[in-house]
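Below you'll find the structure, written out as structure tokens, and then a few comments.
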Amino acid sequence: MKKIEAVIKPFKLDEVKEALTAIGVLGMTVTEVKGFGRQKGHTEIYRGSEYTVEFLPKIKLELVVADSMTAPAVEAILKAAKTGKIGDGKVFVMPIDNIIRIRTDETGEQAV
Amino acid sequence: MKKIEAVIKPFKLDEVKEALTAIGVLGMTVTEVKGFGRQKGHTEIYRGSEYTVEFLPKIKLELVVADSMTAPAVEAILKAAKTGKIGDGKVFVMPIDNIIRIRTDETGEQAV
Amino acid sequence: MKKIEAVIKPFKLDEVKEALTAIGVLGMTVTEVKGFGRQKGHTEIYRGSEYTVEFLPKIKLELVVADSMTAPAVEAILKAAKTGKIGDGKVFVMPIDNIIRIRTDETGEQAV
Amino acid sequence: MPDKRDTQYLTMKKLKLLLCTIALGLVPWLGMAADAPPPAVAETAAAVTNAVAAVAEAPAAPAADPAATLKIGMDTMWVLLCGALVFWMNAGFACVESGMCQQKNTANILAKNFVVFACASLSYYFIGWGLMFGDGSDWVGTEGIFMLKGEDNSPATGDAYKGVYSSINWTGVPLYAKFFFQLVFAGTAATIVSGAVAERIKFGSFVLFSFVLVAFMYPVTGHWIWGGGFLADMGFYDFAGSTVVHSMGGWAALAGVIVLGPRAGKYLANGKVHPFPGHSLALSTIGVFILWLGWFGFNPGSTMGVGDGSAMAHVFVTTNTAAVAGIISAMITAWLLLGKPDLSMILNGCLAGLVAITAPCAFVSVGASIVIGLIAGVLVVLSVLFFDKMKIDDPVGALSVHLANGVWGTLALGLFADAKISKAVSGFEVTGGMSQLMIQLKGVLAVAAFTFIISFIVWYVLKATIGIRVTAEEEQEGLDIGEHGNEAYPDFVINNK
Amino acid sequence: MPDKRDTQYLTMKKLKLLLCTIALGLVPWLGMAADAPPPAVAETAAAVTNAVAAVAEAPAAPAADPAATLKIGMDTMWVLLCGALVFWMNAGFACVESGMCQQKNTANILAKNFVVFACASLSYYFIGWGLMFGDGSDWVGTEGIFMLKGEDNSPATGDAYKGVYSSINWTGVPLYAKFFFQLVFAGTAATIVSGAVAERIKFGSFVLFSFVLVAFMYPVTGHWIWGGGFLADMGFYDFAGSTVVHSMGGWAALAGVIVLGPRAGKYLANGKVHPFPGHSLALSTIGVFILWLGWFGFNPGSTMGVGDGSAMAHVFVTTNTAAVAGIISAMITAWLLLGKPDLSMILNGCLAGLVAITAPCAFVSVGASIVIGLIAGVLVVLSVLFFDKMKIDDPVGALSVHLANGVWGTLALGLFADAKISKAVSGFEVTGGMSQLMIQLKGVLAVAAFTFIISFIVWYVLKATIGIRVTAEEEQEGLDIGEHGNEAYPDFVINNK
Amino acid sequence: MPDKRDTQYLTMKKLKLLLCTIALGLVPWLGMAADAPPPAVAETAAAVTNAVAAVAEAPAAPAADPAATLKIGMDTMWVLLCGALVFWMNAGFACVESGMCQQKNTANILAKNFVVFACASLSYYFIGWGLMFGDGSDWVGTEGIFMLKGEDNSPATGDAYKGVYSSINWTGVPLYAKFFFQLVFAGTAATIVSGAVAERIKFGSFVLFSFVLVAFMYPVTGHWIWGGGFLADMGFYDFAGSTVVHSMGGWAALAGVIVLGPRAGKYLANGKVHPFPGHSLALSTIGVFILWLGWFGFNPGSTMGVGDGSAMAHVFVTTNTAAVAGIISAMITAWLLLGKPDLSMILNGCLAGLVAITAPCAFVSVGASIVIGLIAGVLVVLSVLFFDKMKIDDPVGALSVHLANGVWGTLALGLFADAKISKAVSGFEVTGGMSQLMIQLKGVLAVAAFTFIISFIVWYVLKATIGIRVTAEEEQEGLDIGEHGNEAYPDFVINNK
């Protein structure tokens, strides 16, 4: 099993979710995050003072998948999330020891 | 050391926290997340148009524990978070290389 | 490559970000979280009833760095985030298998 | 269910059902409207559309004397503008109550506050007004009880008045001005209930209860006091409604809270209270400001005429002073008892002062109004703590504000009324006797007994039939989604607790 | 751009540019101000500063008779206070519209609602008033068209009136009171547009359109109806503006929505509607309460005089009753069609009832006002569904509220008007004939044709020149940052969708 | 501390302490209330409770002439309703200020705005009114200074007036109407301070300062101008309080800001300004609409009588026009200087225009009011930038709005006043001379010197004794928790910065 984390542009969430469910991913967890990177922030004004907002809204997707699903899932995310413009985000893949479904106590790939 | 991540139902947070402190867990970090899974969302109406909210509010708990605490901590979470109804969530266990306490620079199990 | 996660005090975010960019870190992702730990919460009052808020606002920073950058990045975080008072937070370092830049499909250290 | 319908809202069957319902609803009104004689013979309207202003002949009497017409016009303006201010209190209640409830129930509370005034308006028009102000027995009005259709020659007053609403013939304004002003008061009584039963009541049941309250319960006790009933005969005074409106609404709310039970998780097994903090103190504070402004219509407007201005001005000052005294004493009490000046208590202190001064505002000195407000502010804090100790769960403090202080204000009149202010009545402070206080107490008890018992029965019947409480899951998830399919703040990330 | 400027706002060059602009702007006003004769000869001001009140001599005529002066004073008070209530509707529109839009466009919508009244105030002062109320042809005013500078001896009325604004000489108040009251109506018409074109229109283009609307379009159709133009001659009635204000603003909005196109992502390829829920139902609900309160200035204030109070009181009741009937029927309709009593529909139902009763409020019975409101509430729900089916994207429901119900209300007058209420006019229900209904229909169509066509052209010209739609990226990111550099709620974490 | 108390709020000891405090507080009032003669002999109250309206005999004089009574009634209605509108400005200030501050200080700012009016009401009643309007020296009132207890036969005016508040005997309304209207003005002055010192001041110290301000400082300078003092004698004019209320409050605020210092982190070492954006532009915008509405009570109400309506109508139009001119010019200035039409600046522009027109509104033409507003809008933007450059940290722009434009408006009267509008006074534009401008300047300076120096001393003494600034940790964490134990929006996830 692997854990995939993807930081994407917020408005891409629906497309990515659909791409993942299309290949059979059944669950995922989503977090509102702020990203700092090559994409520069924007300037705002407040009562005459400018300030730069450097952290841009992004969505972080987390999903644990069976080993066999890892490559297709990454593939699906990459395809659905790409706009080609700076700030598209990253996908991280990392190891995981175990996963348990709270409702049933199933573990491992059964629990994904 | 292991990192335990648990996605649970929001109203279970207090019980889970108490179960964990009861077995000696001293720290944890909590995030508001949205979950997508077997549990279906609900339909909302806005000015005559229906739409389905597929991402449901969940709470993500992260805690790093000493290896010896891993099993009891997972056990405690499973017990406290279970309602037996769909959408109870998942527990993930994953490896971790190191942990440092910022205040004291202690590392490893000292810093948990 | 390593993934560094740091839970810090919110008002330290700017300093930590600057310390990291100073040593050449180009990207990071930030999440609003609530922390439970040795630092105790505060008591609030609402219409005559007191209640304790045990979860304190914290900021979680996530950054994936090349192996060579791991130590300096941890160092930078520790230095910038320290106030010496309880509740300064933790740094976790964990393994990561791969990272891909969505925009370009670059992988590994190229994508950091 | 959602998947079946989708965007196919308008199946033929539903459309037919809807059209039939509406048609059925309309037919009678059309009839009524057609044969209804215009209630005010002098009803006129300056036609804005062109220079030929089309004004129906004014009735002989008032037109004869320009000063008399001016006076009627002026009094009507006063009553209508004050009525508009009281109407505005609906917005205040909506803000206070929704601000003091959890975010997940916001749309539901707003909807309740919004719809309750609609129900009140219709039921008071169709039946409530006549029961309250129609001539009849000591117990209830029996003449002209439907739709203001009784005989009436307002704005004639006193002996010149010929009609069936003689208990309110002391004010020289058109019937519809009287009606509008009284209607907004009836609406207020119904709204009081909405806060106390919030966060767990079924929307439909609440709407039904409100209808009954305004159509029957409020008018009956109102008749006793303002409609020439037995309490009026007894010499019971209540200038602007500490009891007619506030404690009455409070008793109805108390019955509801008891039948309904507390919110899940409010009272813990270990005896502690688990507060559910309101989701927006900003909304609540705006709401209290709105209510305070509205009270400048509620109290001074209850003169229902301008006179030489002195009563209005006096009531403005006593109303304001009691409110600020309530703020100060609630703040100090909270500071001493709870350690900090809790804003939600300060807000309740203000409302407590306003409720308490409502009955005596025109009868007491400014000095007395300060005392009344100071006591109200202390009372409201202790009362909130008391109700929580009794496990009577009132999310917004409606019982402490309207019930406790409605009673206090009504009694305070018996203590501080001073014939030097208004010839009508003097209380303990002046006479040294308890007689007026006893009369006030009897009035309080009579209204309490009637309202509490009837309310209890109505709530109970609703519970036994259509049910009054949402399911535990819905309470957990919030009534916004459950009752309305709405989310109040969909763009904000919400704390999941 | 940001990096270049930084905190160096005030480069010398910019400062100069600014000062020149301002100087250029000021010179003409200074001139005007200097040579302007005070428009009202009797203009006085009690000097608060010391006991020697410095009052200019009052003109002979009114001062002769104290009752006449009292009457003028009283009518002026009424008109001004009602005008203030109508002004207050700006806050209501700002709340309703921003609450019904997404959080990322909040500052933009608030700014639009705020600035549009400023534009309206100036353009109506400089030119609009004269075109609307100045004497002239059947089509437009031609005398005294700049800055109320025509001859005028208000508050004289009827035959005693000497001046060029004779179409509004039926009300005996000073010219500036007339102007203020009419100005706030003009502002309302412009505001209606703002909601329908929200979440995608360029700020600058909207400001320009509003200017044109209030300076030219609104006054012209207004002249036809309230300024003694051809529709007034024909016997067309519209008491407080269902057509003059509401459907007029609705047609201008419809043209805008069509030229602009729907928001990106609103209508999906599969034929479904993807709603963008408003970011705060609390804000919207407060807004509707504000508007409802304001309507108690809008409709009763349109008497522009107190008279014997009966018309005011009648209009208060019909206005309120239609609103609550709209609430009830919209709620039931939504419950039947959509399965739940959606709060956003209930709110629209209230506004629908208010818009519909605006034209007939002084001419119909209370019974009829209930029917009018009931139909309005059904109509608004069906209309929202209809416009979505037509892919006409109106984020706040302005078309369903103001256009559909403005038309309905204007026609309803032709159905339910009753000479027993006001001698001016009777409709189908009384006469059994269709003649008044036909006149009303002609008026509706005339205003529709003129307003829609001119608006379409103006929107089109704006589109072809400076552009009317923000870029796709800006629409995605929100207009707050794009147009204003602002964030409405910077301290809250926002759902990223 | 929390763990010790828990839910055990009511230890016996505390309860006793509380009851003693209250008892001590009540005794004197009871005394006062008992022996207080009713201040207005004619005080009446129509008893609503039954048909036997109990009206005390009206005094001989006014009752003799029905027109005179009508006039008094009408003027009282006007003064009270305008007073209610000014009261409503408290809600506006609460919204503007809390909206422009950070979310973590919301409850604190709301509490401050709420409590400050309570303090003002009591201190103005007990002492402030008498110092301001009591007969006395050129410097301060010395007669009837406690609780309006001086002799007074209002509503008698002019020579018929017998009493000690003769400086305000030019308006024919009951004493309590005068008092209420002046009270809400006093409250406004105190509220101005609250915004400027926000986000770092101790709650208790602020409450104390407000008390002193309304009890002593405001009445003294008010006496100079409106109470027949030396500035009134000199021919200084200020119709509705650009200086009496606004610049006065501004100077007190400036002293506070200087003694208090800027918020931590506002001015960076590198010379840059780090803005703390307000947490809700929606709240701020609603607030400005509320204030704007309130200003229609503030300025036109300062006629304190209806007269023939022309002054009221004139003031309505000049007030509105200056506001909209301020909006337009602030918007353009911000667009040119900052690149975008920043909503927070547009809002300040509106308030700037309103403050500036407050002094001259009844004395200048509509043309001049446009010029005054245009300059105010530019001034407020430049002033915000200026104060930030000076490192004078004013979170809500109170200094730029009230101080800078209070001064500008007072001087503008010396430039644009025109005896054709009001006989009282003419300025530079008419006379070509500087004499009135010089008088206005002297008044501005006198009030500035007195208020700034005394405020500075009071702030300094507070700082040296109980302290005026919260700890650095509390400032960081937010004053809501620190001062009140409250969280304003507990259900929302908040950005942690």
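The letters A, B, C, D, E and F name the chains in turn, as written, and every chain counts its residues from 1.
In the analysis below, a residue touches a chain if its C-beta (ideal position, glycine included) is under 8 Å from a C-beta of that chain, and two chains touch if they have at least 3 such contacts.
Keep in mind that this is a model prediction, so the values were computed, not measured.
K.L.:
Listed by label, which chains are in contact with chain D and with chain F?
P.N.:
C, E
K.L.:
By label order, what chains touch chain D and chain E together?
P.N.:
Chains that touch both chain D and chain E, as defined above, are B, F.
K.L.:
Equivalent interface to A-E, which of B-D, C-D or A-F, with over half of contact pairs matching by residue number?
P.N.:
So the equivalent interface, with over half the same contact pairs, is B-D.
K.L.:
Quick check on chain E against chain F: do more than half of the interface residue numbers occur in both copies, making it same, or fewer, making it different?
P.N.:
different
K.L.:
When the C-alpha atoms of chain A and chain D are each averaged to a single point, how far apart are the two points in Å?
P.N.:
Using C-alpha averages as centres, the distance is 52 Å.
K.L.:
Find the geometric centre of each of chain A and chain B from their Cα atoms only, then give the gap between the two centres in Å, rounded to an integer.
P.N.:
18
K.L.:
Taking each residue of chain F in turn, which ones touch at least two of the other chains?
P.N.:
As it turns out, chain F has residues touching two or more other chains at 1, 5-7, 9, 67, 70, 74, 77, 81, 273, 277-278, 280, 286, 337-340, 342, 344, 385, 484-487, 489, 492-495, 497.
K.L.:
So which bits of chain A are touching at least two other chains?
P.N.:
Touching at least two other chains: 31-32, 44-46, 48-50, 58, 94-95.
K.L.:
Which two-chain combinations touch?
P.N.:
A-B, A-C, A-E, A-F, B-C, B-D, B-E, C-D, C-F, D-E, D-F, E-F
K.L.:
Which residues of chain B touch chain D in the complex?
P.N.:
These residues of chain B touch chain D: 10-11, 13, 32, 42-46, 48-50, 52-53, 57-59.
K.L.:
Taking the complex as given, what residues does chain E use to touch chain B?
P.N.:
Interface residues on the chain E side: 100, 273-275, 277-278, 334, 337-340, 342, 344-345, 348, 381, 384-385, 388, 397.
K.L.:
Taking the complex as given, what residues does chain B use to touch chain E?
P.N.:
44-51
K.L.:
Which bits of chain A are touching chain C when the two form their complex?
P.N.:
2, 6-8, 31-38, 54-55, 58, 60, 74, 77-78, 81-95
K.L.:
In their complex, what parts of chain D are in touch with chain F?
P.N.:
The contact residues of chain D facing chain F are 67, 70-71, 74, 77-78, 81, 85, 102-104, 166-167, 169-171, 225-226, 228, 232-233, 236-240, 271-273, 277-282, 285-286, 288-290, 292-293, 296, 300, 302-317, 320-321, 323-325, 327-329, 331-333, 336-344, 346-347, 350, 362-363, 365-368, 370-371, 374-375, 378, 385, 416, 418, 420-425, 429, 489, 492-495, 497.
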